[in-house]
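Next come two complexes, and both contain subunit A; in the first it sits with subunit B, in the second with subunit C.
Then we have the complex of A and B:
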C-alpha cells in the first residue's frame, strides 16, 4: 500500500512538472498583461505539432525539439500581440478591457483548434521514441522514462525562466510592468513592449511544455480543451499572476489528478481537480500565493 | 406611444416576421436553420440576463442548457413522461442548479466568477459520462407525435422555437424595465456604489441567474427534440454551446434584448450554410467562423452591432438635448419628509472604539464620537488620517477589527452596505462613483428604488431630486457630459433620493471652483432644516470651519480632538498635527486673527 501511494505521488509529480511549465506561461501573461489567455492550450497544441514535425521531418529528438519551439513561438507571440491584443481596449475601463481581450483570445483559440483540424486532420499522432515505453525502477516505484525526462526538462526551463525574471534587466522590467504599469512607464519602461514580450515568452513556454508532453501524450487538434482548464486551475490555485504560485499549482494539479485515482474511477479523474479548484476559489480566492486579496 | 408599449410592439413585429418566415419557406433544411436561429437567440437572451445586464460573464451557461436537455429526455426515456411536462422538470432542475452554483460563486468578483463557471459544465459532462449517459436517445413515439414533441412537419419546431423566443423576449423586456433591471445595470457599472445606494447585489445577481437558467433549460430541451434526437454530453455541455451563445450575444451586442436576436439572425445562417457546403471537406469551418466573428467584433465594435448602429444613429439627432439648460433652483428641502426628531436629544449615530488595520497599518484606532440629530459634523484630518476608512466602516464596506457602530440605538456593525443604506444612512464618494452608462436620471433612480418599488414612481422621485439640484435639464445625459460640480450634485441627488436621515459626504468640495464650493456649501447647510443630518469629511480646515457645527479631528487613525470649530482650531495639538510646529509658532503670535474669523453662533 505504501509503495502504491508512493507510485501515485511520484507519477503525479512527474506529470505535474510539465503542467507547472505550461501554467507559468499563462501566469506570466496574466501577471503582466492582465489577460486571461484562452488560447494558451492551443499554443500548447501547436507546440506539440511543431515538435512532431521536427521529429518526423528533421529527425530531431522531441526533448530537444521542445526547446527549439521557443524562438518561433516567441516571435509569433510578439506579432500576435502587436496585430490583435494591443488593439483591443475597453475604453479605459480595466474590467471591460479584460473581458474584451478574453473574448479575443477565445476567438483565437477557436480559430487555431478548428483550422488545425481542417489542415492536419483530427487523427491523433504520436512521436515514437525508445524511452516512451521504458521505465526507471526506483525500488518498487517505476518512473516512466519519457515522463522523467520531460519532468527534468520542465524544471530546468522553469528555473531558467525564474533566473530570467530575477537576474536580467528585461526580466526585471517585465516584473516592474506587472507590478505597477504606471510607475514602470515613469521609469522609462515601455509597458506596451513588455506586454508583447510577456505574450511571446508566455506562449513560447507553453509550446515547449507541449513539446515535452508530446513525448508521451497523443497529439491531436482538440487536445487543448483538456489542458487549458488544468492550466486555469493551476494558475488560480497559485494566485492569479504569481509565477512561483503557478509552478506549485501545476505540481499540485498533477498530484491531485494522480491521487484522485486512488479513490475515484479513471473517468472521474478530473472531477477531483475541478472540486479542488472550486474549493480554493471559495476558501482563498487570491490563491495560495496571491499577494493581493481580490477587490470587490 | 409610450416607450414601454413600443417595446412590446417591436416584440410582436419580431414574432410576425418569424411567422412569415415559418410559412414562407419550404425547404426542410431552411426550416432547420430558422429553428436554430430562434433557439440560439433564446439561449443568447438567457445568457444576456446574467452576463449582459448584470455584467457577470458566465462561461458555463451551457450547464443549464444541458440540464434542460438531459432532464427532459431522461424523464421521457425512463419514466415515459411527455417532454412538455418533463421540460418543467428540466427548468426546475436548472433553476435549482443556478441557486446551488450561484450561492458560493457570486462571492467571487469579476474574472474569478467567470473562471469558476467554466468548471461546472465540465463536471456535469464528466459525471454524465460516468453515469453511462454518453448517448441518450429520445424514445420514438410515432402514434402521438405532438404529445411527445416529435413533429413530422418542420414548421411545428419553428413555431415551438419562435414561441420560446417570444417568451424570452418578453421576460427580458420585463427585466429591463423593472427595478431588478436597473439594479443589475448599476451592479454591472459599479457594484460598490450600487450596494451603497441600497442595492442588494447578491440577491439581484441570484434572481438574474435563476431567470437566465430557465430559458436556457427550455432551449436545451427543445434543441434535443428538434435537432439532436440523441443527447450526448458533448452536444449539450460542450464548448460549442457556450461559443455559439457568446457569439450571438457579442456580435449583436450584450445588455439589450435586441443584441442576441440580431447576432443569431446573422451568425447562425452564415455558419450553418458554410457547415453544410464545406463541412465535409473542412470539418471545423463553423468554429473558425465563430472564432473570426468573435475576434472581429472585439477589434472593431466591441460593444456589438446594436449599440454601434444606435450610437451612429443618435449621434445625428442628439445635440439639441445637450444645449438646453434651465436655471437651477437649488433646494434640498422636502426631498425627504422630515422624520420625527429623536427623543431626548439621544445621538443618531454612536461610534464606539472603532479600530481597523490593513496588513499592519493601523488605519483607525479607538475612534469614538457621536453624530447628533440635525447637526453638521465635520470630520477633518490631514491626508491619510483614516477619514475615508472611517466612512467605509460606517456604511458597511469594511468590517472593523474592534468596536461598534450604533444607529438609533441599535448596533449596525457587520450589516451589508445596502442594509445600512436602507436604514437611512446615505453616502457620497471622494472619487465619484457614478454609473457611467446609465443616464443621470437612471443614476438617481437606483437610489430612489430604496423607497419606491415601481419604476415610474422611482423615476418621478429621481426627477424631483434632480430638479432640486438644478439638474433637471441634465436628466437624459450620461454622466460623462457633466461638469465636476454637476457630478457632485448628481451624487448628492442620488444619495438624497434614498431618503436618508444621515448623509456621509466624503470631500464633496474637492475639485470645485470657489463658486462651486459656495454653491455646494449652501446646499449642505440647508440639509438639517430638511431633516437630514450631515457628517462631512474635508481636509481643508478653512471650508470646514465655516460649514460645520462641530468638528472631530483625526490624525493617523486616532481621534485628536472634538468640539466647536472655534475651540478645535485653537487647540495647539490640532494645529501641530495639522499644520506643523512652525505654523503653530506663527499662529500663537497672531491668535487674534483666528478669533475674529470664528463668528459662527
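Then we have the complex of A and C:
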C-alpha cells in the first residue's frame, strides 16, 4: 500500500510539473497585462508542432527542441502584442472594458486551431522517443522517463523565470508594470513595452511546455482543449497572476488528479480537482498565493 | 447625377439583368444531395476526415459511371457538416444541413453519442440516415429513418468474446481473468455492459479490472498498475480518444505488461498508431470492427491508397463508401430522390451484389423493422508488422490470426 501511495504521489507530481509550466505563462500574461488569454492552449499546441518539426526536419531531440521553441515564440509574442493586443489592453488601465480582449484571444484561439487543422490536417503526429515508454525504477515505484525529464526541465524553466523576475532589471520592471502601471510609467518604465515582453515570455513558456509534453503526448490541432481548463484552474487556484501560485497550482492539480484515484473511480478523476478548487477558493478566495493587489 | 455616373449605373443594371434575359439552361437531371455529418474538427476530426475520403471516392465512382440511371443520370453531391466535438454541435450541424436544402439521405456521425442526437433530427425531418455507429440504443427508439449497418455493440461483445475464448482454447491459453478498460462514450459503454453484467460470468471468466474514464485521460499509470497487479489474460480496450489510447499503450510497454489486448472499434487500427507507438508495440493487438477490407477487395484498397495517400483502408472510409453506394442503389430502386421514397427503398432493400454489399460482411444488405442490418457480423482485425488485417471470419480473412502472449 505504501509503495502504491508513493507511486500515485510521484505520478501526480510528474503530471503536475508540466501543468505548472503551462500555467506560469498564463499567470504572467494575466498578472502583467490583465489579459485572459484563451489562446494560451493553442500556443502550447503550436509549440508541440514546432518541436515536432525540429525533431523531424533537423533531428533535434524534443527535450532540446522544447527550449529552442522559446526564441521564435517570444518574438511572435512581441509581434502579436504590437499588432493586436496593444490595441485592446488599454496600457494596463484597470478601469477599461474587458470585452475586446476576451473576444480577441478567443478569436485567436479559434483561428489558430482551425488554421492548423486546415494546413497540417487533423491527423495526429508524434515524436517517437525511447524514453516515452521507459521508466526509472525506484524499488517498486516507476518513474516514466519522458515525464521525469519534462518535470525536471519544467522546474528549471520555472526557476529561471523566477530568477528573471526577481533578479533582473527587466524582470523588476515587469513586476512594477504589473503592480501599478501608472506609478511604473512615472519611473520611466514603458508599460506598453513591458506588456509586449510579458506576452512574449508568456507564450514562449507555454510553447516550451508544449515541447516537453510532445515527448510523450500525441500532437494534434485540437490538443489544447485537453489542457486549457486545467491551466485556468491552476492559475486561479494559485492566486490570479501569481507566478509561484500558478506553479504550485499546476503541481497541486496533478497531485489531486492522481490521489483522487485512491478513493474515487477513474471517471471522477477531475471531480477531485474541482472539489479541491472550490474548497481552496472557499477558504482563500484570493487563491493560495494571491494578494489583494494583483502582482507577479 | 453626372452623365458619367448615369452611364455607369445603366451599364451595371444591364450587367445584372443579363442572366435574366439569356436563353434558359438546358434541362439536366437534378443533383441528388447526400449529407455527411461527421466530426471534421475537434478530437475526432481524423475519423471525420477518413469518412469523407470514403464518401468522396464512392461519389466520384458513381458520377463517373453515369450517375443514378433511374433519375436520368443524376449526379450525387456531398453536403458535409462538421459535427465538432460535442453532441450539441453535431445536432446543430445536422439541423443546419438538413434544413438548408433538400437532402435525399444522410450519413454519420461516427461517435455513437453524436449519432444518437443526429438521428433524432433526421427522424423529425424525415430524412433516411445511414450510420456505422455501434450503440444498441441507436435502433432501439422505434425510429423509421435510421439504418444501422454495423453489428450493434452488445452483439459485437458477445461474438467477440466467443471468438477470442475459442482462439485462446485452441492455443492452450484459456482465458480465466479479463479486464475492461475504456472511456464512457456510448459504443464502449454498450460493449462493456453485457460483458460486465453476464457474458464474462457465463464463460466462467473473472472480471479483475473495470476502469472507465471520461476523455481526456490525465495519466494511464493507475490503470496499467491495476492490470499489472491482477495480470488479466485478456483486456477489452475501448479508448476512442487518440491521446488517451496512446497513453495507455505506452504505459503497457513501460510496465512490461504481457496480455492480449482486444480493442473495441476501428479507432485502434488507424495508420497514425504506427507512427506514434511503433509497429512492435502494436504487433498482434486485435480490434473488433464493423468492417475492414476483406479478401477480394485488394483492388478497392489499392485505388483508395493511390487516391488518398493513406497507407491502408479502414472501417471509416470503407463504411461511408458502402453507405453512398447503398443510397445510390436505393435511389435507383425508388426511382426518386425524395427522402421518403429512399427510406422506403432502404427498408425493403436486399442487396447481395455491388460495391455496398461487397464492403459489408458477410456480403448481404437488408434491414429489419428497427433499421438494423440483418446478419451483420463483426470482424476481428489484427495488427501484423505495422498493418491491420482482417483475421476473423477466416473465410473473409486477408491474413491468418497470430495468437501469442
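Going forward, the second predicted complex is superposed on the first by the 277 of 296 C-alpha atoms of A that agree within 3 Å, B and C clash if a C-alpha of one lies under 4 Å from a C-alpha of the other, contacts with A are read in each partner's own complex, and residues count from 1 in each chain.
Heads up, the rule we're going with is that a residue touches a chain if its C-beta (ideal position, glycine included) is under 8 Å from a C-beta of that chain, and two chains touch if they have at least 3 such contacts.
If you're wondering where the values come from, they're calculated on a predicted model, not measured in any experiment.
In the superposition on chain A, contact of A:282 is made with subunit B only, not with subunit C.
With both structures placed on the common chain, the touch criterion links A:13 to neither subunit B nor subunit C. In the superposition on chain A, A:189 makes contact with neither subunit B nor subunit C.
Touch criterion not met for A:76: it reaches neither subunit B nor subunit C.
In the superposition on chain A, A:125 makes contact with subunit C only, while subunit B stays out of contact range. Touch criterion met: A:99 reaches subunit B, while subunit C stays clear of it. When both complexes are overlaid on chain A, the residue A:67 reaches neither subunit B nor subunit C.
Shared-chain residue A:155: touches no atom of subunit B or subunit C.
Within the superposed three-chain model, A:257 lies in touch with subunit C and out of touch with subunit B [touch as defined at top]. Note on subunit A: of its two partners subunit C and subunit B, the one contacting more of its residues is B. For the contact definition in use here, the residues of subunit A common to its subunit B contact set and its subunit C contact set are 113-114, 117, 122, 221, 225, 265, 267, 270.
Within the complex formed with subunit C, the subunit A residues making contact are 4, 7-8, 11, 15, 113-114, 117, 121-126, 128, 132-135, 142, 144, 216-218, 220-223, 225-226, 254, 257-258, 261, 265-267, 269-270. Of all residues in subunit C, those touching subunit A in their complex are 40-43, 45-46, 48-49, 85, 184, 211-214, 216, 218-219, 221-223, 225, 242-243, 246-247, 250-251, 253-255, 272, 275-278, 281. On the subunit B side of its complex with subunit A, the touching residues are 57, 104, 107-112, 114-116, 118-119, 122-123, 126-127, 129-130, 191-192, 239, 243, 246, 250, 282-288, 290-296, 298-299, 302. By the touch criterion stated above, subunit A contacts subunit B in their complex at residues 36, 84, 87-88, 90, 95-96, 98-104, 106-115, 117-118, 122, 221, 225, 229, 232-233, 236, 240, 265, 267-268, 270-271, 274-275, 277-278, 281-282, 285, 294-296.
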